[in-house]
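Below you'll find a set of structures to go through.
What follows is chain A paired twice: with chain B in the first complex and chain C in the second.
And then the complex of A and B:
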């Protein structure tokens, strides 16, 4: 049986970059998985980056969040009509050196015409204060197939060594 | 490299239905993953999961959730099913995504699963992360997803098998 979990594209940064874009994503898979190892040069312990599909900056994004930072209480929030989705906790420049945060996004039926629910996990561990875990239900209300994904920092850049892997999964 | 993530079965509802059953699951994989993209014909379809047609009180689950803007936790014991979600989705136009990982499903120990439910509704919604237990030592050969209400036409359930080698 054919392997159905296939690498579509990857990008491991050799120099810092404010954003990374996967474009010309073929519509031949059922689902997409995006796996990220990232660190920001922003002078904080952790940072947040944004996710935009098909270069759409309209208010077609929303997210329902669960997250906890350090040893704090669990936080929750719901945001509608955003112009992007977000991902936290991205390890920042003040965190333990050579430490990168990890993210996974799962995008089912990305090539369909329906609204697109997307699962998100993000973690940053620091052997100190301000580690974090986030898990979101996100939504992109676009009716076109997702053919590009842009990941961009709100502040600063992804540092060299940050890596981005996009996989396609077929259900047959 | 050998294929280690293979589709076992997929179902797309052509008309509304309250139950989806995936049966005759081969015992040849290490783990299972079920990807369930669903909408209710009416609000809050409350999807549940059972294994091998067992409706005894052999299930339990513990979860962490945000139901709108309220974070919470929950534990349910001696249940007749594992809830995939306590809410499903309250929209009939925006689909919800549930990803269910079932570990060592063909082994001879009790079975655990991890459920990742996502139903953002643009200003409201639900996110639920849940661990479930089925206290049975038989291999899982059938999965049943059901609801007291119908799932809408177009709902899809795909079962993948994952091999460790």
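And then the complex of A and C:
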């Protein structure tokens, strides 16, 4: 990895929390990368969390997503007008204890004024069957630099031990 | 039951704070949870309908005399 890959901030939860927000993100990088290791306390095997930029809850988000499960199920969907973006296959409370799912988001040109294409992928972990993989192509139609990122659960909370690392990348 | 909270990480200072959710935020989360569960049930029903249709089609192909290998080849 290039030496311009810099940790901006991180958090490892010491107690469960409904959401984690990175605020006051500096606009001094070219791109952002967010890496997440998370587990939800909701009863399902998998959960989905939402991603909101700049506290913008308008219908300024769209996404195309592909889900693959080891059961052989493959599904995809496109939504053009959402009030957030989603991230699937967060490990839930029905999964093997102490297993966490992992995610990576890539936010190129996050400090610009144009619409922002953002990609991410996620994988569950169950140390058993019923693993899942997702990949997303998303768009945030905001005209301001992304200065905050909120990660929040639709169901339940992120459990203690979930961790969140925000990196900045410079092209020089 | 403990009061739900949110964590805010200020990237300019490194300060991290744990903030109790407001009543409005709790209500919004509860509404989102209801919607998420409804969405999940709709998606599962759609997947089940798709799987049922596939199984039905495969059974009809088998009745026409196709082998399991031939049916599998058509599915790819």
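Here, the second predicted complex is superposed on the first by the 168 of 172 C-alpha atoms of A that agree within 3 Å, B and C clash if a C-alpha of one lies under 4 Å from a C-alpha of the other, contacts with A are read in each partner's own complex, and residues count from 1 in each chain.
We adopt the following convention: a contact is a pair of C-beta atoms (placed from the backbone, for glycine too) under 8 Å apart; a residue touches a chain by one contact, two chains touch by 3 or more.
Not measured: the values here are computed from a predicted model.
By the touch criterion defined above, A:75 lies against chain B and chain C together after alignment on the C-alpha atoms of chain A. In the superposed pair of complexes, A:135 makes contact with chain B only, with no contact to chain C. Of the two partner chains, neither chain B nor chain C is touched by A:89. Once the two complexes are overlaid on the shared chain, A:106 sits against chain B while remaining clear of chain C. By the touch criterion defined above, A:170 reaches chain B but does not reach chain C.
Chain A has more of its residues touched by B than by the other of chain B and chain C. Where the contact sets of chain A with chain B and with chain C meet, they give residues 75. Chain A meets chain C in the complex at residues 8-11, 13, 15, 17-26, 44, 48, 50, 73, 75, 152-157, 164, 166.
For chain A in complex with chain B, the residues that touch the partner chain are 1-5, 30-31, 62-66, 74-81, 106, 108-109, 114-115, 117-119, 135-139, 141, 169-172. Those residues of chain B that touch chain A in the shared complex are 1-7, 10, 35, 37, 64-66, 68-71, 93-97, 99, 116-127, 129, 154, 156, 158, 160.
Interface residues of chain C, counted against chain A in their complex, comprise 4-14, 16, 18, 21, 25, 29, 32-33, 35-37, 40, 43, 47.
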